[in-house]
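The first chain written gets the first letter, and so on, giving A, B, C, D, E and F; residue counts start at 1 in each chain.
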Amino acid sequence: MLIKVVNPNTTWSMTALIGQCARAVSSPGTVIDAVSPTMGPASIESHIDEALCVSGILEQIALGEEQGADGYVIACFGDPGLDAAREATSGPVVGIAEAAMHAATFLGRGFSVVTTVGRTTGRAWDLADRYGFARQCRGVHACEIPVLELETDPDARTIITEACRRAASQDGSDTIVLGCAGMADLRAHIEREIGRPVVDGVAAATTTVQSLVTMGLRTGSAAPSHVRENT
Amino acid sequence: MLIKVVNPNTTWSMTALIGQCARAVSSPGTVIDAVSPTMGPASIESHIDEALCVSGILEQIALGEEQGADGYVIACFGDPGLDAAREATSGPVVGIAEAAMHAATFLGRGFSVVTTVGRTTGRAWDLADRYGFARQCRGVHACEIPVLELETDPDARTIITEACRRAASQDGSDTIVLGCAGMADLRAHIEREIGRPVVDGVAAATTTVQSLVTMGLRTGSAAPSHVRENT
Amino acid sequence: MLIKVVNPNTTWSMTALIGQCARAVSSPGTVIDAVSPTMGPASIESHIDEALCVSGILEQIALGEEQGADGYVIACFGDPGLDAAREATSGPVVGIAEAAMHAATFLGRGFSVVTTVGRTTGRAWDLADRYGFARQCRGVHACEIPVLELETDPDARTIITEACRRAASQDGSDTIVLGCAGMADLRAHIEREIGRPVVDGVAAATTTVQSLVTMGLRTGSAAPSHVRENT
Amino acid sequence: MLIKVVNPNTTWSMTALIGQCARAVSSPGTVIDAVSPTMGPASIESHIDEALCVSGILEQIALGEEQGADGYVIACFGDPGLDAAREATSGPVVGIAEAAMHAATFLGRGFSVVTTVGRTTGRAWDLADRYGFARQCRGVHACEIPVLELETDPDARTIITEACRRAASQDGSDTIVLGCAGMADLRAHIEREIGRPVVDGVAAATTTVQSLVTMGLRTGSAAPSHVRENT
Amino acid sequence: MLIKVVNPNTTWSMTALIGQCARAVSSPGTVIDAVSPTMGPASIESHIDEALCVSGILEQIALGEEQGADGYVIACFGDPGLDAAREATSGPVVGIAEAAMHAATFLGRGFSVVTTVGRTTGRAWDLADRYGFARQCRGVHACEIPVLELETDPDARTIITEACRRAASQDGSDTIVLGCAGMADLRAHIEREIGRPVVDGVAAATTTVQSLVTMGLRTGSAAPSHVRENT
Amino acid sequence: MLIKVVNPNTTWSMTALIGQCARAVSSPGTVIDAVSPTMGPASIESHIDEALCVSGILEQIALGEEQGADGYVIACFGDPGLDAAREATSGPVVGIAEAAMHAATFLGRGFSVVTTVGRTTGRAWDLADRYGFARQCRGVHACEIPVLELETDPDARTIITEACRRAASQDGSDTIVLGCAGMADLRAHIEREIGRPVVDGVAAATTTVQSLVTMGLRTGSAAPSHVRENT
């Protein structure tokens, strides 16, 4: 099975990290191909970034279709281009916010999201609403570390860990959801520190796609947008 | 006052029609500049189209900022790029689905959307949910006329009118919302025929932007995405 | 175009202020007729007041119909009598809470309402729920200045401004909605002070009615209450 | 215990019927005083009627307070003036739509409302939403018999019974809620005929008020409208 | 009329207290039979306890059917086994959380629940959501007194009273709902102390069942689970 | 990795089928132990059945803890005992309705459930509401084949397939969710026949548990029920 994990930004060190975290949870027979678009924003921290990275995601999916990829992960917590990607391939496509929020709901009644910068929190709420988790999402918290400083700021691990601890306590949440693909390698550390389950979306989305492919499930090719007659 | 009405597709005859409908409802002192991106999809009928037209919308907004535009309309019923556009300018930006749905709620308890092709109905429901109108939106109906045939199909007017009549009756809706910018010129005709208010989003968005500018209201430049602590 | 702006209380100085604020945003061809009922409560600060002012509103609409009014504003933040008024005329009728909340949602994800006395906050929440904005309304805050002291209390402006600042910060709201027609003249001052958009319902409702009339839209005369078969 | 059952219309034969139905379910020690306002609409079939009957309801509550009434029923399915009435007395006040919908939810997952004329169905949906029963309310159906013909139309009983049967079957509802005080005496008959529980609001509201008074519960006099900080 | 009040735990002193509180609000002609299962958990403080007490509840209902009981109260705030109980008898069955929350909504816009230990708060939220009161339930607060210490802890009354006062003030709630059958005898005391209505579920459920039986209403025997075609 | 798949009924042929379907999608290193309680209902077709099977589920989990099981599937579409099971072990526990509904939402906007007998449809709606999928669940349909006849009725496969086809078409759903563990082996056949993705909950829950265990995620042992301060 070939799963393409698309990091929609063009920062290759982050793509490498994402690939590593995806491989750590995939089955023996699964090949993980972690890629970035050839061009696009270096990080996704605004709605403009989200919009501008979609053509790069579609480009990678087109490549994946040629390679015979079985499914796709969109490895940015804003889940950019998810609807478009599902039209571009019948293989399952899963976003990391989507997968992480879903996984969190299996572990307790409520979760809190801890994300990078404050301007991305609105998007996280929008996604929780869209996926049906307005009730389960108890809070979205920024630790105010820009995406590209996650790797370089020596205090990043401590700051994020403390933000997670505070979020869980303030919101009374059972679970923490990490709000950026760039935090994927911190999961186990934070979980040990705060004593509550911590979900990383890269791992969650990778295993979700792997499961859907194993079950033979594909996005309905005839069915991207049916009529709901009545709400 | 200068309002740029951005038709996100590149079909200029539709842009001309949209400009005309916008001008018909604007105040004497308002200049309407109806534009299309220099490149992009000829019509917006899928999530891929919606994604790919956003860079063109942002390009037109960048031009508008140089021209001193006061506000913007996104004249496609999928409201593509709305979040990104609001980051690109502090002048108000309003989508035509958004404006039409808002307008409809002032006229009665429930509205029905009549749109072009079936594959766009899912997006209309998503937008109704996002704007808070899941309860007010009673149905989304496709008349299965592709966007670009709205101008050329000699039966289009009749087919759409009958779809509106059926939608109002089936859903028990007070108001019909036209689900495509290309239907803007049919509003008055359909309203007369079916005896219920019919809302065109191009007119609704144009007057909404004009009103917001008149009141001195702008998208908060510091505020695209604040934390909502608890839902 | 003739728009009647009905202040449902009988305090004429407030009616004068409301008329002024409505005229400041209306188009050249629009005549604003700001009126009060001949009898009724001096201010609307309870559900009893809201109930008792409705016959006065209907009296003014009956007069308006004789004068050939094109549309109506109900200039009290409780939006009293809105359903009844829409039965009494086919011209559009818009309440100031309704219009202000709608306007606020075009400018950001969330708004806070700052109102006069604590006992009116429940009504503001009810209205947010009714209009579909339970998610967008992040908080309703009272500054505990009675309606009739808005004009006379020398500290009113400062107190309200600080309440708005606190509300925006506590709720993480993008926009402030002023919760009383008597605050209409403070909008620009507060906006400058707190650096976020501030919406006044009198202006919002006036421009909304003007827009609906311009588009030829009327409340469906046959359609005040259709069946919604299924929620 | 003295419970005033206020029929907000001025049709005394209906008041008599309502009093009878209330007495049939009240405890031995409870006195039912069924009254109508001295003036007001003969029937409540529109939002204007609902608005205009409130001063009459308040008049009757004021009288009740002098008489030492312990609680009040508002015996019109639109629950007019409920908020105002709760400010006018600290004794519990319950509307018949409110009480009937509450009662229905104890008997099954979903209920259908069968009401008089189509123009009142919108109000029934609004009330279901307000009381929290949007999910439980599966349908609102009109049998198109005007309120005042309930007593005189010889076919009324049959028409309403068949409307109830159809509603239960179409909506898959466990329970039927009768949508007009004037149908109170038909409850047992319809229940026998259709084989599902049928709830009459006059009985439901009377027993609810009686229960609240027995438990010593009163509307909080200091608490008609507190701040809900966040939704 | 015979109402069986089933305390699902096996602590007989609590059953005695519950019986007393039920009798205090029942009508002269109503016989209250307060019972406990022959075996099961001594207190219900977890989901495991809730699950394990259901067969005892069903055993008591089977006995009740032989005795000719007319209706049943489930006297534990988790409302365990409610769906199953409604299948086991056509007499009405009401849970104390359900009845208390319903009662609270007649007395104001919002209520707060004050319960025993923190681990039961999640269940209280689940029930509020299920019954339609997500909006009306403003907070669920634990006073961290285990169920069986309610009778023995000399400070229990003071601690619970202060928790209620704090909850009302923090949440801006009109009404307090006591979150455990073992608190039933504290209602009047707390209400006097904090000056807001306090609802005890044992009393509320007893009067609710009594009212439903008086009205001749039964759980639809053919109707425990019909299809809702569309949400 | 050891996953216990608990069939809560005592029909061993069904347990064997469930085990087979779980094994078909599990990874090479995963051991599936499909079990049934030693006593309990032969099939789960009512709320009473759901209640009475929980002690058997807890018994199997207790055994699993001794065996060192890593996670658990509850293989009945009513997801009985889910909350209790999550208290009995810190290994992840997933219900098949829960997992199937989650999986379906990755494949399209809306799904329909096709279940056995009509009396179980109410439970399916309750679960959709609980998991956040009220909007995504477009319909719940019974094919009126009792659980234990799924194996013996020669027409079962045809009847269920046609019910799925009809459900997808009526509801405009992208995906079908099979509403009974006993239908697990029909998935691929129905999918081929109707041309839309069909989700089996046994497979979905098995892969979900496997993924959660792989990611090191456990139900928070300290966190089954925290306070949500405000909805």
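Note that in this section contacts are C-beta pairs under 8 Å (C-beta built on N, C-alpha and C of every residue); 3 or more make two chains touch, one makes a residue touch a chain.
Heads up on the chains, UniProt names are A, B, C, D, E, F = Asp/Glu racemase.
Please read these numbers as outputs of a predicted model, since none were measured by experiment.
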Item checked: Set of chains adjacent to chain A (Asp/Glu racemase) and to chain D (Asp/Glu racemase) -> B, C, E, F
Next item on the list: Would you mind naming the chains that touch chain C (Asp/Glu racemase) and likewise touch chain F (Asp/Glu racemase)?
Entry: A, B, D, E
Margin query: Can you give me the shortest step count from chain C (Asp/Glu racemase) to chain E (Asp/Glu racemase), moving only between touching chains?
Written below: 1
Notebook entry, point to check: Among B-F, C-E or A-F, which chain pair copies the contacts of D-E, with over half of them the same by residue number?
Noted result: A-F
Check: From chain C (Asp/Glu racemase), which chain is the farthest off, judged by mean CA positions?
Finding: F
Next item on the list: Averaging only over C-alpha atoms, locate the centres of chain D (Asp/Glu racemase) and chain F (Asp/Glu racemase) and give their separation in whole Å.
Entry: 42
Item checked: Inter-chain centre distance, chain B (Asp/Glu racemase) versus chain C (Asp/Glu racemase) - centres from mean C-alpha coordinates, in Å -> 26
Next item on the list: Calculate how many whole Å lie between the centre of chain C (Asp/Glu racemase) and the centre of chain D (Asp/Glu racemase), each centre taken as the average of the chain's C-alpha atoms.
Entry: 31
Notebook entry, point to check: Residues of chain D (Asp/Glu racemase) that touch two or more other chains: which are they?
Noted result: 109, 122, 125-126, 129, 134-135, 138, 224-231
Margin query: If we count contacts the way the header does, which residues on chain E (Asp/Glu racemase) are in touch with chain F (Asp/Glu racemase) in the complex?
Written below: 46-48, 50-52, 54-55, 58, 81, 83-84, 86-88, 118-123, 125-126, 128-130, 134-135, 137-142, 170-171, 224-231
Note to self: List the residues on chain E (Asp/Glu racemase) that touch chain A (Asp/Glu racemase) in their complex, please.
What the structure shows: 122, 125-126, 129, 134, 230-231
Item checked: Residue numbers on chain B (Asp/Glu racemase) that touch chain C (Asp/Glu racemase), as the complex places them -> 25, 27-29, 92, 94, 98, 102-103, 105-110, 131-136, 138, 172-175, 188, 191, 195-197, 199-200, 203-204, 207-208, 210-212, 214-220, 222-229, 231
Next item on the list: Spell out the part of chain D (Asp/Glu racemase) that touches chain F (Asp/Glu racemase) in their complex, as residue ranges.
Entry: 109, 135, 228-231
